[in-house]
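Look for subunit A in each of the two complexes below; its partner is subunit B in the first and subunit C in the second.
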Partner chain A sequence: MAVCIAVIAKENYPLYIRSTPTENELKFHYMVHTSLDVVDEKISAMGKALVDQRELYLGLLYPTEDYKVYGYVTNSKVKFVMVVDSSNTALRDNEIRSMFRKLHNSYTDVMCNPFYNPGDRIQSRWALLPVSASSPGGPYSRVRIQSRWALLPVSDPVQVGPTSCVRIQSRWALLPVSDPVQVGPTPVSDPVQGL
Partner chain B sequence: MLVTLERGCHQGDELGLGLPSFPIDWSSELFTLTYGALVTQLCKDYENDEDVNKQLDKMGFNIGVRLIEDFLARSNVGRCHDFRETADVIAKVAFKMYLGITPSITNWSPAGDEFSLILENNPLVDFVELPDNHSSLIYSNLLCGVLRGALEMVQMAVEAKFVQDTLKGDGVTEIRMRFIRRIEDNLPAGEE
Partner chain C sequence: GQKMSLSVLESMGFRVGQALGERLPRETLAFREELDVLKFLCKDLWVAVFQKQMDSLRTNHQGTYVLQDNSFPLLLPMASGLQYLEEAPKFLAFTCGLLRGALCTLGIESVVTASVAALPVCKFQVLIPKS
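Coming up: the complex of A and B.
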């Protein structure tokens, strides 16, 4: 069972990130971000011949003490990154491959939506994948979810002091769209440039 | 668009008109994507869902008045004697021929002048998700225009509208067709 799944665009910004609601989603976002370097390394090492499906799947990118990170890149340089729990030893390579294949299929379905502009954040109500499904083969059926906000909001507000208001330009900013971040007694008047 | 695609292949021409006598297998995905591109372009051009709906209806009407000739030539159905027969022909022959689906006919009004076409799946809306800023857009409104245009060419004035739409969260897509009157004059009521 995957704990976090991310779809990264060609220009290395996230199109869709979803993790199981744990206390620290920030960690997964950082993990995905750092895995992009490994992905780039693997792509350049493989050379230009990326026609076979086998070469789309990059395999294990790097293991940490609790998690393993797997990668997959499409021919249009869109990357899928998946973080799984290390304790889940039942997950084999084949299952990871089939999960990525299903993810790829769901991604192409989202692309076919005429109202979706390629390069936009994926806010599809047809979830690309509910990560909380119990079986590894199961999660990628298209399930209608209620939340359209793919990045679950960071639970603790960022403490930066009462008067500072940081305009975060990075597309990796982890803030909910609707409510401005409360950074102290003075509420932020500028909506932060989130993803 | 549909007619020109089909004229490309000549297979089994019983009528001797140079027309194919059964539907040619063409890429339905290309059709769905083309229709999607058409609707999104209209949305960008008109900015207002109601205008887009009207425009789709008008375009559908223009398609319908031409499509009816192709339909009558290929399907060889005779004149319908009442509205029920018309409904059957629309659902079982026309939809099957052009979209590959067979909607069911339900909800006849007591007077027999209104019925519903229930489409379990609508090939026009594969992969489509309506964004929130287009909540009043009737995505498949072209179909209503086609039905209206085609029936007007056979001297029937009807009204077609969507009452349920899978894009808006309903389980099925339902088109309500209402017979208004028989057109007695022979002048074609073209709407350009």
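Coming up: the complex of A and C.
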């Protein structure tokens, strides 16, 4: 599981940085900042390479004693940097690639949001939710957000946090709610309260 | 007046172009040069928005590109010939913004203008200032 994820704009300022709250956040911010130099170096090296070898995924940028840093750059020169715990050896290259692909998809969705101005910091909680809500050691879970006005209860569970399973039921459902609502240790706070 | 609404339309097209410029070249590898970006606009962007490719792309290799569409889908149902020539800019403003926005996301600052000689043939001129 990634310890820190950062989305950096093409002018090299951060649009979104999120790290696991238990660690010292400043250390990760600094690590991401220093990794930008390596990213720029790889991009300019890629510029001279042949077209066949050009790729969005940059691979391992540099390892430190506790962490490994991976990079990815999009066609619009937006960079994604991910810091992973070195002790987690189960994470293979193609898993990192798939995490970056999901991150790219989420970022594209944020760009397409008409209320988002390109270049602003990404504030939305729902925007990169599939990325920040990850189960330890596993792939990122898919979050399904259902309308509150649905007449039928939501059948698929919304997985948020390490070990919770929250079932969001519509308040206006005509059918009774049969299953209890379980809220795990780190529930997602509902932005729309008291309907 | 009309000038205000044209610039509003153009800025709307710009925002949409920015989003499309992010979403469309997803798995395509990074573009090598300007001409590749313009070719992407003529092929992938135009097909995604208008379900057809641009008919011709010309350049003077000094930063000016002329994209010509011989049957622009927004003008096609209106008329063919010289009728409604003065109404045409309204339909083209959004598309100019679309091109400018997609170019902006891909890292190219540009000025895009459109001209119509006779419906439905229209030309989009992309000027990329040399820095």
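Going forward, the second predicted complex is superposed on the first by the 119 of 195 C-alpha atoms of A that agree within 3 Å, B and C clash if a C-alpha of one lies under 4 Å from a C-alpha of the other, contacts with A are read in each partner's own complex, and residues count from 1 in each chain.
Quick note on the criterion: contacts are C-beta pairs under 8 Å (C-beta built on N, C-alpha and C of every residue); 3 or more make two chains touch, one makes a residue touch a chain.
Only a predicted model underlies this, so the values are computations on that prediction, with no experimental measurement involved.
A.B. asks: After lining both complexes up on subunit A, report clash or fit for subunit B versus subunit C.
C.D. replies: fit
A.B. asks: By the touch definition at the top of the document, which applies to A:P114: first (subunit B), second (subunit C), both, or neither?
C.D. replies: Both partners, subunit B and subunit C.
A.B. asks: After lining up the shared chain so the two structures overlap, which partner does A:H104 touch, if you call subunit B first and subunit C second: first, second, both or neither?
C.D. replies: In the superposition, A:H104 touches subunit C alone.
A.B. asks: Counting residues of subunit A in contact, which comes out ahead: subunit B or subunit C?
C.D. replies: Between subunit B and subunit C, C touches the greater number of residues in subunit A.
A.B. asks: Just to confirm the value: shortest Cα separation between subunit B and subunit C in the superposed three-chain model, in whole Å.
C.D. replies: 5
A.B. asks: What is the shared patch of subunit A, the residues that subunit B and subunit C both contact?
C.D. replies: In subunit A, residues 112, 114 are touched by subunit B and also by subunit C.
A.B. asks: Quick check on the complex: what are the subunit A residues that touch subunit C?
C.D. replies: 10, 46, 51, 54-56, 73-77, 104, 107-108, 111-112, 114, 118
A.B. asks: If we count contacts the way the header does, which residues on subunit B are in touch with subunit A in the complex?
C.D. replies: 29, 32-33, 35-37, 39-40, 126-131, 134
A.B. asks: What part of subunit C is in contact with subunit A in the complex they form?
C.D. replies: So the residues of subunit C in touch with subunit A come to 15, 18-19, 21-23, 25-26, 28-32, 105-107.
A.B. asks: Going by the contact rule set out above, which residues of subunit A touch subunit B in the complex?
C.D. replies: Residues of subunit A touching subunit B: 109-110, 112-116, 124-126.
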